[in-house]
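One chain, chain A, links the two complexes that follow: it is found with chain B in the first and with chain C in the second.
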Partner chain A sequence: MKIVLDHLQVQQGEWSLLVNGTFEEGIHLVSGVVGSGKSTLALAMAGIFTPSQGTVKREGIKTLMLSTQFPEFHITRLSIAEECASWGLDYKDVIRSARLKVDGNVSPLSLSRGELKRFHLACILAREYDLLLVDEPFSSLDCIEKELLCRELSTHDSGITIIFTHEQSIFPHVDHLWEIDAGELCALGRLPGALTRWQRAPALIKKLTDLGRCPVNLTPDAIREAACRIHE
Partner chain B sequence: MITIHDLRYRSLAINSLSIPPGITTVIGPNGSGKTTLLRLCAGIALPDSGQVLVDGVVPRETETGWVNEFPDKNILFPRVYDECASALRFRHNPCPDTDTSVRRIAETLQISHLLTREMRAISGGEKVLVALAAALVTSPRLLVLDEYDSHLDAACCDRIELSIRNCGARYVLRCTQQMEIAALSDLLIYLEQGKVRYAGTPDEVFSSLSGTAFYPLSWRCRV
Partner chain C sequence: MPGKSHPRCDPGGCMQDPRIRLASAALISVAAFISIWGALAVLLWWLLFTPRMRRVKNIRVVTGMLVLIGVIAVLIWISGGDGLSYFLRFGVIVLVGTWLYTEQKPGDFLAVSVWAGKNRWGFELGMIGECAMQIAELLLCDYARIRIAMKLKGEDWGVRTLVPLCLILIHDALMRADEIAELLAVRGYRNGGVCCPVFCTGTLDQVSGICAICVFFFSIVPVSEFFILSM
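Then we have the complex of A and B:
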C-alpha cells in the first residue's frame, strides 16, 4: 500500500508548492514553516483539493481519513451522543477514551478547545485506516494529552500515517521525515539519519545533532537518552 | 496591576491574584480554565461574581487586543488588508493613517505579502498572524493571546515573541502549551481545575512541576 505524488503542483498567485514522492507504510512526519502548504498537501492527498498539475495515486488504499487542523470543522451534530452516532460510535466509549467528564447531551462546541480536540481525535482514532492524514494533531492539547496521543500514534503498525505539524517538543515514534522547503517537498529519509538533514529542526533536536548526539528517534525518551549521553 | 478578587465564573474560582505589568503566561491541563480566565481579563466574558480590574479599570474600558487560537471565529472581512485595518476604520481614523499603521504592523510581523490575499485562501498559521496584526494595530494597553502559538512554526514563534515584547502593551496575558515559550515569561500561572495552583517566576513554578509533562523538555535534558 502506498500513495504516490507525481509532479503535483499547486500554484496560487506567487505562491507555489511542488511535490514528488512516495509515502509507504509507516509513520511519516511532514514539517514546514507557516504557509508552506502542509494543509494544502494534506487536502490534496485526501482527494479534497485538486492540484494545478500532477497526480495523486493511492495504491491499495481502501480506507482514508483526514483530520483537519481545526476540530470545529468536523462537528456536524448538536450533542456529543449524536456526533458519536454519526461516526458509528458509542458515545460512552468515546467519552472514556477522550478522558472527558461530560455526558452525552452536551454540545461538542461547549467543550474547551483542548477537550474538543481530544473528542475529535477519539472519534478519528476509534477506527483504523489504510491512510490516516492528521493535520496539526497536537495543537490545543496540553502536554499530558500530547504524550498520550504520541503513544497512541506510535502503536500504528499498519497502514500509512502522515502527521503534518509544527510541534517542537513532543513527538511520536516516526519512521520517515519530510520537510517543505522553498516551495518543494523534500524527502529527508528514515530516522535517525534524517534528523541531521532537517533544516528547521526543533531547537533541542538541532542542538543534539550539532553536538553529535543524534537521538535514535523523536520520542521524548529517545531525546532524553541522547541528552543524557552529553552529560556522560 | 491587573487585580482579581473573589472571581467566580463557571468552574473558575480565584480568590486573589495580582498580575504586574509585563508578560504573563497561563499554563495548565485542558479544561483547567485558561481560556476562561483570559476571556474575563479581556472583558469578553463578565464574572458571575467578583472583580477583574486593569489598573483600577474594568476590562471593557481598557484598550484590549485579543487573538483567538481559532481565528476563523473572529474574522470579519474577506481580505487580509481589511481585517488588519478593521479596528482603526471602526474608529474613523483617517485613511492615510490607517494605511500607514496597517503596512507598518504587517512589515513587523512579516505578512506584507499577504495583505492582498483572501482570508479563506491563507493557512491556519497565517490567519493567526493576521489576527495578531489586527490586535496590535491599535497599540493596545492589554494584549491577550489564547494559544496563538499552536499553529506557528518555531522560527515564527521566535519572531512573534520579539514583536510581542516590543509592541508597547503594558500587559501581555497569554496561554500556551509550549513550555519553552512559557519559560520566557515574567509571571507564570499554573491553573488546575479552575484554581490557581502555582503563580510565580518560571523557575518557581516549573520547580513545582518537575517530573510532570509540563516541565520544559529542554530543562529536563539540561542542554
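Then we have the complex of A and C:
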C-alpha cells in the first residue's frame, strides 16, 4: 500500500506549497517550521482539503485516520464513555491507556488540554489503520508523555504512519524523513542517511552529524548512543 | 483615547452605510412578516438592491433553512392553514437575514450602536453585537469540524447524533463567551468606551433606504387603498 502525491499544489495568496512524493509502508516524519503547510498537507492527504492542483492517490489503503493538532476538534459526544463508544472502544481501556483518573460520565471537554490530547491519542492509537496521519501529536504534552507517545508510535509496524511535527527534541523511531522547506516538500530518504540532509535539523542532531557521529535513528536511545560515541 | 474609525466603505458591497442597511433590514423584515403583499414587495426589493446569493458564504445552510420552512409550510397547508403565505413570508425573511449577515463587516454593529447610543450604552450594545456575530461565525467553523470528526470516525449523520452535536456547539459557544469576558476583565474593561465611527453613504444607500421605507408602508396599508374603487 502507498499514497502518491502527484504535483500537489496549494496556493493561498503569496503562500504556496508544492508536493511530489510517494509514502510507502513505515513511519514517516514530515518536519517543517510553523506555517510551512504541514497541517494543510495532512488534510489534503486525508481527502478533507482539496488542493489547487495535483492529485492524491491512495493505493491499497482501506482504513484511514487523521489526528488533528487540536484534540477538541474530534469530540462528538458529551461523556468520555459515549465518546469512546463513538470510536468503537471501551472507555475503561482508553482511560487506562491515557493514564487518566476520571469517570466515564465526565465530559471530555472538561479535561485539561494535555489530558484531552492524551485521551484523543489513546482513542486513535487503540486501533490499526492502513494510513494514520498524526498532525503535531506532541503539542500539549510534557516530556514524559512525549516519550511514552514515541514508544507507542514506534510500535506501529504495519501500514503507513505519517507524523507531521515541528518538534525538536523527542521523536519516535522513524523510517523515512521528509522536510517542508521554502514551500516544497523534500524527500530526505531513509534514516540514518537522511539526517545529514536535514536542513532545519534540531541543534543536537546537527551537532552530532557535523562531528561525524550520526545517530542511527531519532529515538532518545539512539541519540544518547551517538552522543556517548563522542567521548570514545 | 478616542479611536476614529475609517469610513466604512466596501467597494464590493451594495449598501455601504451600516445604519441604512440595518434600518432597512429591520423595516423590510417587519414588512415581510405583516402580509403576503409585503413579502412580495420585499422580495422585489431584495432582487433589486442586494447581490442576491452571489456573496453568500454558505449556500447549503441557506438552502437547508429554506427547505425546512418549505416542509413546515407543507405541514401547515395539509392541516388546513395558509402554507403558501407562511413559506413566502418566512422565506423572504431568511433571504433578508442572509443578505444582512453576508454584508455585515466586523465593527459595523459597534459603529451603528455608538452612533445611536453614544459611548456608554451604545458601546456596550455594539460590543455585545460584535461578540455575538463572532460567535456565530465560529459556530459554523465548529460545525464543519464536528462533521469532519464524524466522517473520520465513520459515524452516520442522524437524529441520535444531532442532540450531542448541538450541545457541544452550545458548550463551545458558552466557553468562548466566558473566555472573552475574562479577557476583557483582565484587560481592565468595566463599561463603555470611546469610538468615533465615520460612515460612507452612497446614492444607492439613499435610494434603497427610501425604497425600504416605501415597502414598509406598502405592507401596512391595505392593498385596496392603492386602487380607486368606485361602486
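Here is the rule we use: the second predicted complex is superposed on the first by the 232 of 232 C-alpha atoms of A that agree within 3 Å, B and C clash if a C-alpha of one lies under 4 Å from a C-alpha of the other, contacts with A are read in each partner's own complex, and residues count from 1 in each chain.
Please note the rule applied: a residue touches a chain if its C-beta (ideal position, glycine included) is under 8 Å from a C-beta of that chain, and two chains touch if they have at least 3 such contacts.
The shown structure was predicted, so the numbers you read here are calculated from the model rather than taken from an experiment.
> I'd like to know which partner A:222 touches here: chain B for first, chain C for second, both or neither.
Neither chain B nor chain C is touched by A:222.
> Quick one: classify A:109 as touching chain B (first), chain C (second), both or neither.
So A:109 only meets chain C here.
> Does chain B (first) or chain C (second) touch A:35, or do both, or does neither?
The answer is first: A:35 touches chain B but not chain C.
> Who does A:69 touch here: chain B (first), chain C (second), both, or neither?
The first partner, chain B, only.
> Examine A:77 and indicate which partner it touches, taking first as chain B and second as chain C; both and neither are also allowed.
In the superposition, A:77 contacts chain C only.
> Counting residues of chain A in contact, which comes out ahead: chain B or chain C?
So, of the two partners, B touches more residues of chain A.
> Give every residue of chain B touching chain A within the complex, in rising order.
Within the complex, chain B contacts chain A at residues 28-31, 35, 69-70, 72, 113, 117, 121-126, 129, 147, 150-157, 177-180, 212-214, 216-218, 220-223.
> Help me check something: in the complex, which residues belonging to chain C touch chain A?
It comes out as residues 145-146, 148-153, 155, 161, 164-165, 167-168, 171-172, 175.
> Which of the residues in chain A come into contact with chain C in the complex?
46, 48, 64-66, 73-78, 82, 86-87, 107, 109
> Can you list the chain A residues touching chain B in their complex?
12-14, 31-35, 37-40, 69-70, 72, 101, 111-115, 117-118, 136, 138-147, 166, 168-170, 200, 202-204, 207-208, 211, 220, 223-224, 227-228, 230-231
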